[in-house]
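Listed below are the structures to be examined.
You will see two complexes here that share chain A, one where it goes with chain B and one where it goes with chain C.
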Partner chain A sequence: MILEVENLSVSFPTPTGEHVAVQDLSFTLQPGRVVALVGESGSGKSVTARSLIGLAGPRACVSARRLSLGGQDLRTLSSRDWRALRGRHIGMVLQDALVALDPLRPVGREIAESLSAHKWGTRAGRNERVHNLLEQVGIPDPVLRARQRPDELSGGLRQRALIASAIALSPPLLIADEPTTALDPSVQAQILRLLGRLRDNGTGLLLISHDLGFVARLADHVIVLHHGAVVEQGATAQVLGRPVHAYTRTLLDADPVRHPPRATAQHGTETAPLLTARDLSLNRRGPDGVARRILSDVGFSLHPGRTLGLIGESGSGKTTTARIVMGLTQPDAGEVIFMGERWVRGGRQGVPEGDRRPRRRAIAMIYQDPLGSFDPRWTVREILADALSVAGNHDHAIATLLDRVRLPASIAARRPASLSGGQRQRVAIARAVAVRPALIVCDEPVSALDVSVQAQVLDLLEELQRELNMAYLFISHDLGVIRRMCDDVLVMQSGRIVEAGPAAEILTAPRHTFTRTLLDAAQDLSAA
Partner chain B sequence: MTSLSLAPSVDRLSFRRRLPRPGHLGPAAAVLFLVLLTIAALAPHLLIHTDPLAIAPREAFHAPSMAHPFGTDQSGRDILARVIYGARQSLTLGCGAIALSLSIATILALIGGLGGRIAEQGVRWLIDILFAFPVLVLALLCTATLGSGIGPLIVAIGVGSAAGYTRMVFGQVLSVRDAGYVEAARALGHSPARIVVRHILPNAFRPLVVTATMGVGQTVVWSAALSFLGLGAPPPAAEWGTMLSMGRDFIAEAWWMTFFPGLAIVVTMLSTTIAGRALQRAIEGRGS
Partner chain C sequence: MTHLLHRAAWRLLGGLLVLLAAASLTFAALHLTPGDPVTAILGGASANPTPEAIAAARHEYGLDRPLAVQYGLYIARIARGDLGQSFSQHMPVIAVLRAQAPPTLALMASSLVVAWLLALLSVVPTARRGTVGAIASTLETIGAGLPQFWLGILLLWGLAFEWRLLPPAGNHGVPALVLPTLSLAIPLAGFIAQVMRESFDLALDQPFILTARARGLGDGAVRLRHALRHALLPCISLSTWAVGALVGNAVAIEIIFSRQGLGRELFLSVATHDMPLVSGIVLFIALTYILAGLAADTLIALVDPRLKGTRP
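Entry: the complex of A and B
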């Protein structure tokens, strides 16, 4: 079954005129082939995907010279026809697995529903099919997993369950919208293999992604979108190997993997460490009442002006470590010495918050989700003025601060909710820098951003570090970002540090098997 | 679309802009009524010169007419004047009771939300106990111990409706307490007092503005109900509930004695609800 798209345009009416989301997009998708749509957020990738399954929304104006699936004209379909088509002929894997699955239903039931909606088989037959599907997408112990709800599954398992429900009726065509965003490299590699297997079995795949490494591994044909217009398209090797258009080159250059690794700062190590963590341990009682070890014996030291990277899979204790360093979570044992004084002490007799408060301004934090860290009522000006007041500075410094993070002064009057992801993260950085900290804890600061924005934010962080001689504790699951930013690296697994050392050494010659698996997975993704 | 078809639609648009859009008529009327009500409560003599308590036995039981638009009662008192003067007590009760409710709710919610695990459980129990107390029983208790009058009624209604507000503010405080921006403020080294005043209270109260506006109407109904039962101001006083209860004996002959105070109660309730909804839309619109 062939999907043919010719001159597809999608526009939305707005009070100020028509907004063209996609313009003159043409491609053909054949069985066993993979077409990839590449571009930044707002480039029209997801709108295209939704138009192809008839879900562009009531306000969207979709037009095409030709839009057909296996000879059937899609332009004239009623909503009833679309329902018959979706799932059976076109499967869709939505971007956010946590939101796309019903939190109150076991995943098995969720998958069975797409079968029963198309009157597939009997109840018993459907259950068996669900178990087969879960097995097919590589979920171990499918009978047990089918009975669990999404919140009991890890991100990777959820994403695979979502793929299982999309392929339940073996549709000849599958649309995957950012199937690996926010997943660990090792899970990403598994999803990559799964999609590759589907392609080999004859499924036509429309892949939407901003991850060029992932696209390079899977796609036959790449379409680069920018502001809704096609800037370049052709065979993968040609587009990604010898890009013609300047925008494609920008996208490729923004990929942190292509950036030269960090020239490790030679200074710093001979001086006294800025922060030393010793034997940090933390246990937490789970919902079943059994105490689980979150961290055991984590220790490291960080010197002024240097960047320490923290890598590991989700749930390995990276964020917990960061929160202890911030003095926001009290560990059961261990201690943290910051600027020569005790900052955190484990156990019942911790450092009193009152002692810590005057020193807090020396450590700032940048979060993965900057929006959540801003009071929704406040404008950028109020947010920055609040941080500046801690450092004893006042209003006149706001313009300087915005300029420092390359934001126009006009942004001061706006609320973060109305800003783009990159702008929000810059505001967060401005707030962090406002207190003149000696250390900034960065928890996945760029993982929610587009590659090109990501590159700009990383540039900014590097530049500020040089100017202000700050140390960074940098958490990321993206090894490319780590390689680019960090002097030293800690590798964490299940709450322990399994390997530590200079970034150049660990990322090229890992000693521990776990580090090697992580690197191999990342290699799998980026080797084109 | 060509310029030909555009021209008339532009005309229609500019014509319609002169009138408030149909969706805005309700809120506009509601706000207008609430403004009138406030004037009536603060300075009733601006709206009418008749004394609400002046007796004129010869004019008793007059149906609505030009001289007495709402008619007169069994002693010849002007109903319109009495409805207008009655606004003061109703509104005082309504606003006073809400203020008391919100104060109780805020204090309990802050204690429960920020005072540790034992305080949290204690507040949960207290809410459950408060919920179990009917407003009516509380009102009887208050009038029995504090005497009749407006003060005990405010206490009764305020305490009686505090449970619902406490549960709402408590829930808000619990979610705001763990919000990213509160943590960010802690990380900046702000004092707990400053975090409560600048982040927790305003954000916990944001969704409550609407409910509290609607709650004023609710308490006006409550105060009328309690006065009707004789727990409020004693009979000759110009109070909506008291007027209803006085008119009940003559409902067959003089319908206007119950109808107009009743109308005032209904329209007050309706106006606060409509105004609250409009406020909600305005707040949500700004948030997105």
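Entry: the complex of A and C
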């Protein structure tokens, strides 16, 4: 069964005229082959995917010279015919299984629904098929897992369950829209292998991703989209190896793996540490009422002007560590010394907030999702004026700040919701540096950004660090970003530090097996 | 399992505290209102009780003792289930409640059920359906804005007097329940539907809806099996509030339709300054409200199993 697409265009009517989301896209998808759609947010990738299964929405105008599946013209399908086709002939996998599967239902029922929607088998037969499918995608103990909800499964397991629900009827074609974006590298590598196996078994894959490394590993044919138009397409090796178009080159160069690693000087270490954490431990009662160890004996020190990277899988305690360093979470034991004085003391009696307040301005934070950290009613000017928190006319100071983060002064009058992701993160950085902090805690600061924007934001963070001699505590699951930004690295696993040392050493010659697993997974995904 | 029991115990304690607060308020009302509490107990200023009756009541209610002791006695009496004598009805308050509560509870239950049915019918088939959805949404807004007593009078005039389809008054059987139920249910349905529509629309935008459609599921199944369940949660919380509001609105409706019930009784007892009966009804309403809250919590945990055990 072959999917043929010729001159596919999708547009949406808007009050200001027609918005063209995709224009003149052509490709052919065959069993056992992988076609990748590559591009940044807003390039029309997802709209394309939805158009192919007739779910672009009631307002979309979809046109094509040819749009056919196994000889059947898709342009004239009735909604009943579309329903018969979805799931049976084309499956679809979305980004984050936590929200792409119904969060209120057990995953087994979601998978069974793929079968019952097409009146497949009896109830008992469907249950058996669900268990087989879960086994097929590599989920151990399928009978138990089928009864669990997405939030009770780990990121890797629920993404597999989502894939199981898409391949329940063994559709010959599968559309995977950013199937690994929200996942840890080791889980990404597992999903990559699973998709590779499906391809080897004859499934045709349409892969949508902004992750060039992932695409390079899997795709036979790459299509690069930019603002809805195809800028380049061809065999993977050719497009990614010898890109012709400038935009493709920009995308490739932005990949942090291609950036030289950080040139670590021995600067900073001879001075006293800016921040020292000792033996931080934290227990929390889980939903089942059993106390769980979140952090055990975490300790490190951070010198002025240096960057300490914190890596590990989700749930390993990275964000908890950051929150303790910020003085937002009270640990059960241990202490943090900041600027020579005690900043956090574990146990029931912590450091009073009044003692911290004079030093609060010396520590700032940048989040993964800046939008959630802004008051949506405030303009950029109000956000920055609030951060400067001194009376008087701020216009000059705000202009300087915006200039510092390479934003035009005209942005001051706008609200965060009307800014792009990259601009928002720059405003967040401007807010963080407004008070001239000695330390910025960066929690996945570029994970939600497109690669080219990501590269620019990382450049900015480096420049600001040099200018203002700030220290960064840098959390990321992306080893490419860590390699590029960090002097030292801490590797965390289940609340413990399993390895610590200079970044150059740990990222090239890891001693701990867990670090090696992480690196291998990242290696699997890199474009090399 | 232990934390479930733990949680149930906390809920029970919370409920008891609310009851205690309601009892304290009725005690305060009895003592803070101008005049001698004894006259309030014995039938207000116009009752003209004999000095012997006053002395007896004073002693019986402990009104010759310090205020703190009186409060203690009052709470202890309520804890024993003794709500006192209603002088306007010449019988124990408990007996009045026993007679008057069932018709009101039946009215509240039928109103709540009908309101939910109307809301579901208005939202589920029309959400995100262009003009139909806009019309339904407008009707919901109008419904939510209708005053119950006005609607009641209108229904009474139209369906009972002009067309003689339904009985205009009384407590006998289901037909007598129809008009009062509609008067209470239509505005409530408007409120519930507005909340339901908003969360239904939000749910339809979620990625799992796209996944379900990509499986080949039809629109009706997507709405009923996926979106609706997410839209129920805020409506269940709203229904707890609705139980409280229904009691208040039942006052007007029971009078308009000359129905027996707590609402009418509350009105009459306030008018005759029958403080023991007022207190009894207020306590009963508080109890109903607490039980409704417990029921809502249980329902919410059933609809959203993620919440099990996460709250204290």
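Assume the second predicted complex is superposed on the first by the 520 of 528 C-alpha atoms of A that agree within 3 Å, B and C clash if a C-alpha of one lies under 4 Å from a C-alpha of the other, contacts with A are read in each partner's own complex, and residues count from 1 in each chain.
In the analysis below, a contact is a pair of C-beta atoms (placed from the backbone, for glycine too) under 8 Å apart; a residue touches a chain by one contact, two chains touch by 3 or more.
This is a predicted model, so every value here is computed, not measured.
Chemist: Considering only touches as defined above, state whether A:D220 meets chain B (first), chain C (second), both or neither.
Modeler: A:D220: touches no partner chain.
Chemist: So, A:A387: does it touch chain B (first), chain C (second), both, or neither?
Modeler: Touch partner of A:A387: chain B, not chain C.
Chemist: If you count the residues of chain A that each partner touches, which comes out higher, chain B or chain C?
Modeler: Partner touching more chain A residues in the overlay: C.
Chemist: Using the touch definition from the top, say if A:E135 reaches chain B (first), chain C (second), both or neither.
Modeler: So A:E135 meets neither chain B nor chain C here.
Chemist: Of the partners chain B and chain C, which touch A:A100 in the superposed model: first, second, both, neither?
Modeler: Second partner only.
Chemist: In the overlay, answer first, second, both or neither for which of chain B and chain C A:G91 touches.
Modeler: second
Chemist: Would you check which partner chain A:F374 touches, where first means chain B only, second means chain C only, and both and neither mean what they say?
Modeler: A:F374 contacts chain B only, not chain C.
Chemist: For A:E4 in the superposed arrangement: first (chain B), second (chain C), both or neither?
Modeler: It touches nothing on chain B or chain C.
Chemist: Could you say whether A:A364 touches chain B, chain C, both of them, or neither, answering first, second, both or neither?
Modeler: first
Chemist: Would you mind writing out the residues of chain A in touch with chain B in their complex?
Modeler: Residues 326-328, 357-361, 363-365, 367, 369, 372-377, 386-387, 390, 417, 431, 435.
Chemist: Would you pull the chain A residues touching chain C in the complex into a rising list?
Modeler: 50, 53, 55, 83-88, 91-92, 94-96, 99-104, 110, 113-114, 117-118, 149, 151, 162, 165-166, 168, 287-289
Chemist: Contact residues on chain B for chain A in the complex?
Modeler: Where chain B meets chain A, its residues are 179-181, 183-191, 198-199, 202-203, 206, 287-288.
Chemist: Can you check the complex and tell me which residues of chain C touch chain A?
Modeler: So the residues of chain C in touch with chain A come to 2-3, 206-208, 210-218, 221, 225-226, 229-230, 303-306, 308-310.
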